[in-house]
Each structure stands twice: as structure tokens, then as C-alpha cells.
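I have a structure I would like to understand better, so I am pasting it below and will then ask my questions one at a time.
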Amino acid sequence: MVGALLPLTVRGAQVRRRGKRLIGPIDLVLDGQGVTIVIGPNGAGKSTLLQMLHGINRMSHGTLNWAVPADEARRRQAFVFQNPVMLRRSVQDNLAYPLRLNGASRSAARAAAQTWCTRIGLETAQTRAAMVLSRGEKQKLALARALITTPDLLFLDEPSASLDGGATRDIETLLKQAVADGTRVIMATHDMGQARRLARDVIFLRGGLIHETGTAPDFFDAPRTPEARAFLAGDIVE
Amino acid sequence: MRIMSTVLAVALATATPVLAEDMKMAVTTSFHNSGLADVLLPEIKADTGIDVQLLVVGTGQALKLGAAGDVDAILVHARAAEEKSVAEGHATHRREIMYNDFVVIGPSDDPAGTADSETAAAALQGIAGAQAPFVSRGDDSGTHKKELSLWAAAGIDVANAGDWYRAVGAGMGAALNTASGMNAYILSDRASWLNFGNKGDLGLLFAGDPVLFNQYAFLPVNPDKGDHIRNDLAMQLEEWLTSARAAELINGYQVAGEQLFTFNAQMTDTAKAAE
Amino acid sequence: MTDLWAGFAEAARLLITLDPDLTAIALRSLQVTLCALVIACAIALPLAAFLSVKRFRWRRAVIALLNALMGLPPVVVGLVVYVLLSRSGPLGVLGLLFTPSAMIIAQVIIIVPLIASVAHQSLRELWAEYHDLLISLNTTQCQRIVALLWDGRRALLTAALAGFGRGIGEVGAIMIVGGNIDNVTRVMTTAIALETGKGNFALALGLGFVLIALAILVNLAIHWLSRTETGRQW
């Protein structure tokens, strides 16, 4: 049995581009189970934070330590982008791709892809080009492609932005199942209803800094800072 | 990848290996355009088993190919350059094979009156005097060198001539096309002219002056240039080219009812005996 | 104008009678250019993908160079290859001058920059699209190149066909390094040049029309092949 990926410990992390600070300094310890929701106004640095933790956005300062070696940590996490990136292949081949990268045989990858196609309701579209799917179908496919390698940690960057209710519900159902199966989820969202439905705890980001953190009931019912209160009340916060 | 491999398979399947006794000979465009090669090559193959591959280039390039050792023999018509090539050791020797002649071609209404000239020099002086457009090969070929020597003999300095003298820097056929296009005078070998398919308003105006004769010679490339030089085949070819069989074919070759070439090789004793 | 009609008539005659000389020359043209195309693609496509995914110091310089080399004058390529392959040149011992191999080498040099440039244009866009995902999936440089080449194969087909078009219609370089030897290195374009030189415009035009038809046919065939392939896939 492999060791636990978490806790993740972040100390004094900063991301700077062309001399401008995007986020940080950030201090954070990530552990436990369930869903952590990252919220905050536009430009607060939610995407940058997720990408930095995932390792696809380089840190300028600070340290980031996993409970396992860094390259192993990368292999055990996945990322779903706000705009789903579809490989110009069939639905099935999109699902099979991460497995093939991990060295799975063609037949094993295909079998797993078929199972997931059924789970996300695309069993009749398996051989169609992923590019021609609707936006909701694409995002479900992107989520399934992230989950197919059963990652220990999953990042999602506003996965249900501009999706209709049905697709959003499908995404959340898949996420809850993944959490039940032991996947730790960190998700940025603008949808406060979704945040309340899924969150175990919350990170409120503002101006590239962690402004407030807390468990979901504490944060939503009794935010400590005036900015968090204003944000939850629907006021404009910068 | 599947497409790639299909393409590769097709390409390889159509590759045709050449396994006969091959030799490469550089010849001038004027010789090739005469059509004589089409008669001689199959006979050479039948008699000697040699597959002569022709590289049709200008005289300058032919001599250059010989000097680089890229061909086994050359067949050209520029005596001074040929003798220089032998002197520099690029070719073992020079063997005269046959001659044809140059003719002056021009517009059929002949504004320079070349048709009535007594000599080639007079014909050229007529053209220069009338400032009639004249197309020169201008490519350092045998024909071009011949043309320059004729102008010199006529006492005309074409290097400083007016814009009636147009050096096109092209092969015989291309130069004839140009002359046809601008209805200009041009010096051509008879063979190229007779075989030329785009005569337009041009006609043969002057011929027959002995200075217009055009001697072809065969030069085997020096085998010292490398083991790849097929000097054995070149010698075999030379023997064939100077044989009675070659004489018969060369003298008998006609275009539009006219004999183009006159065989004048010095036959060896064995060849004479065979005759 | 009469030459043009005579050319059409000559093309028709050559095709209807399935002229054996024409068939041999056309096949040799295809053989030389397709071989050159396969080799050029094997060099240019991975190069284009590499230039798309890898950021290195001279990347911009290399791309600018490739774009500039697209306009490489074939005659110059021919001369350089001639000098290299000549018996008195550095590669003379190979004995490749005046063989189809020499023509293939010259064509590869001429079409690699073209294929690489056109391929790079489209792969760069594809990489912009794939960048985040492939980085997130922890792919190696090599896996990224493979993904771009495979998923960009339709665009790459266009690049390859552009290369084929330039190769099959090229005359300046292969005339010099091939020598236009009858039955050995004579191809469609050098045959056209030869017949033009003889003033046989009808035959030259006829060959020209056959060459154009051949190029169109190959384009259609490759498109058709790619469609049946994707049809099975998707």
C-alpha cells in the first residue's frame, strides 16, 4: 500500500510574473478528507492558487511539501480546467489517454473508458469526436478523464461555470462519489449554492492572499471578517 | 503511420535497379537535339552491351563534369577547350568522330540580306550593319564559342554592340525559342534547327562556308580520377564510334531528307580490316 | 492558343495510348517525390512538434530560419548538392550523383523547411490548446510530441501535401543533380524542360497537363485514405 499523499504543507509561497505579485505569500496545510472550496472575487487568484498547488504554475518564492516525493505526488493528482481541454480524438480515446500514459494496455484502457462512458451517460457517443460534444458533456468527460486514474487529489477550477442545472448536478454527483471513494477535492467556484452543497471547509481568497479559512458551517453561518460577510451577502468585494 | 508505410511500400516497389553495364557520357545539347543519339544508343547497346547514359549539358558544363570525374567520357565540339582539357590531364586523349555544320537562321524577309552573302563573315557584317536583332546563346557553350569566333573574324566587337545583340544564356532549343519569339537572327547547328518544332517565321538563310563546319570529338575521362571511372567502357565505345558500323549510321542519319553529320574519324587498322 | 489546344490533345493521346515512356517517367516522378516526402516528413514533422512544445534559447531563430528557407532557390540547392556529391566533392565516394537518390536528397532539402514551417503553424495552435492538460497529465516531452503529431495529423497532411506539390513540380535542382538521363533520372519536369528546349511545345504542354493531373490525383488519394482511416476511428 502506498503512503498518504497528504498532508500538503505550503510556506511563504508566492507566484510572481514580470515583477508583479499574483498571489502570496501563502501559508497553508491541507489534510483530511472531503471537499475544500476556494472562493473569492474575480482576480483574487483562485486559479493561480490551484495551479500553483498542482505544480503547473511555478512558485517564485516559498516551499511546497507533500508527504511523498514530488514526482510521485504529481502522478497521484489530477486537474479539471474551467474550459475543458478536449483532445482531438474520440470520447473513448480521451478517457483512455491518461491510462495509456500510465502504461495501461490498450484493452484495459479501452475497458475502463467504456465503463466511464456509461457512468457519464455518453455510452452512445463513445466513438464520436470529443470536440463536437456539448459544453456540459465536455466538462463531464474532462472530469471522468481526471477521475479515471483514481487520483488521491483532484483540483477543479470552476468546473460548472456556465453549465445548466442538469449538467451541474451530474458533475456534483460524480464528485460526491469520488469523495466517497477517498479522493480529496479542492475546487474553486463562483456558485455559492454549490459551495454550500459540497464544502467541508472553505478558503476565502482576496487580493492574492488567504483572507479567511474555516469549516463550511462556521464560514457560511458566521464569517469572521467584514469582507467575507459582504462577499456572502452578494456585495461587490475587491 | 499507415499512410506513410503504404507510400513507402509503393515507392520501393516502383524502384528500378539498373544493373546493365552503365557508363555516363556528357554530350552537348546540340548533339542531343539532333536526334542522332536516339539512333546510335540502341545500336551501341546491341553491339557492345553498354548502356550509355547521356547527360545533356552545355560544352562548358560537359568539360567540367569530365574534370570532376562525374562522367566517363564526353562528346563535345569546342576544339580549343577540348585540347586544354587533355593538356590538363582531365581526359586521356581527343578523338575526332564526325562533323556537322552551323547555319544562320533569321526572319524569312531577311532585312539584313544575309541570304545573298558570299561568306559567313559577310553575313554577320550584314546583320550588324542593319542592327537586326540577333540572339546569342551566351552560355559559354561550343556553339557560343563558335559564334564569338565568327564575329571576331568578321571584325565586329559584339561585347560592345548595341541592344540588337541579345545574349540569352540558354541552351540551343531555348535560344531558338527566343529567336522565334522575337523574330531574330541566330546561329544554330543544322541538326537543332531541323529538329526544332517552333520555327515560326524563321528560315535557314545562310550555310555552306567551311568555317561553319563543326567538329565533334570524343574524350575519354582520365581513369586516374578514381576507380569508378569506366575507362574500359569508354575505350570500347570509342572503338565502336570510329567503326564502319558507326560511319554507316552517322552518314545515313537524315532529318527532313537532309544528311546532318559527316563521319570523319581516323579508323584504326582493325576497323579498316573489318570494313 | 493553338499550342494550348495541341497540348490538351497531346495529353489526351499520351493518356489514352498509355504511352510507355510517359508511364515510366510519371512513375519515376512519383517514386522520387514520394520517397523525398516520406523522408522529409520524418524529419520535418517531429521538428515542428519539437519547436512547438519546447522552449529553448534559439527557438525563435530556428523558426525564422525555417521560414526563410521556405523560399530556398532550388537551383542553389541543386548546385550545393551537386558539389557535395560530385566525385571530386566530399561525398563523391558514395557515387550518388546522377541517380534518383541524388534527386531525392535535393528534394528533401527543398521541402523540409516548407513542411516544417506549415506544420509548425498548426501544431503551435494545437499546443496552445493542449498545453495545460498535457502539463497537468505529467507527460514527457516525447509524449507531448507524439500527442501533437497524432491529433494534428489532418493539418499535418496539408503540410505534407504542400511539400509534395513543391517536390513534384520542381525542376531546377533535380536537373542539376539528376542529369535528366533517359530511363534513369528523367522525370516529368525535366522531360518538360527538355521538350520545351526542342521547341516541342505540344508534347511539353501535354506532359505538363499529365503532371498537373497526377498531382491532383495524389492529393485526392491521400485525402481519401485519411478519411477512411478517421472513419474507422471515430
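Note that the chains take the letters A, B and C in the order they are written out, and that residue 1 is the start of every chain.
We adopt the following convention: a residue touches a chain if its C-beta (ideal position, glycine included) is under 8 Å from a C-beta of that chain, and two chains touch if they have at least 3 such contacts.
Quick caveat: nothing in here was measured; it's all calculated off a predicted structure.
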Open item on the list: Closest chain to the protein's overall Cα mean, using per-chain Cα means, please.
Closed with: C
Task: Most widely separated chain from chain A, with each centre as the mean of CA atoms - done: B
Task: chain A and chain B, separation of their C-alpha mean positions in angstrom - done: 79
Open item on the list: How many angstrom lie between the centres of chain A and chain C, each centre taken as the mean Cα position?
Closed with: 46
Task: chain B-chain C separation of Cα centroids, rounded to whole Å - done: 33
- [ ] Report the residues of chain C in contact with chain B in the complex, numbered from low to high.
- [x] 27-28, 30-31, 34-35, 37-38, 41, 86-89, 92, 95, 97-98, 100, 179-184, 194, 196-202, 222, 225-226, 229
- [ ] Would you pull the chain A residues touching chain C in the complex into a rising list?
- [x] 54, 56, 74-75, 78-79, 81, 85, 87-90, 93, 97-98, 101, 127-129
Open item on the list: Residue numbers of chain C touching chain A in their complex, please.
Closed with: 126, 129-130, 132-133, 135-139, 143, 147, 151-152, 233-234
TODO: Going by the contact rule at the top, pick out the chain B residues touching chain C in the complex.
DONE: 2-4, 6-8, 10-11, 14-15, 18, 24, 29, 33, 53-57, 67-70, 171-174, 176-177, 180, 195-199, 225-226, 228
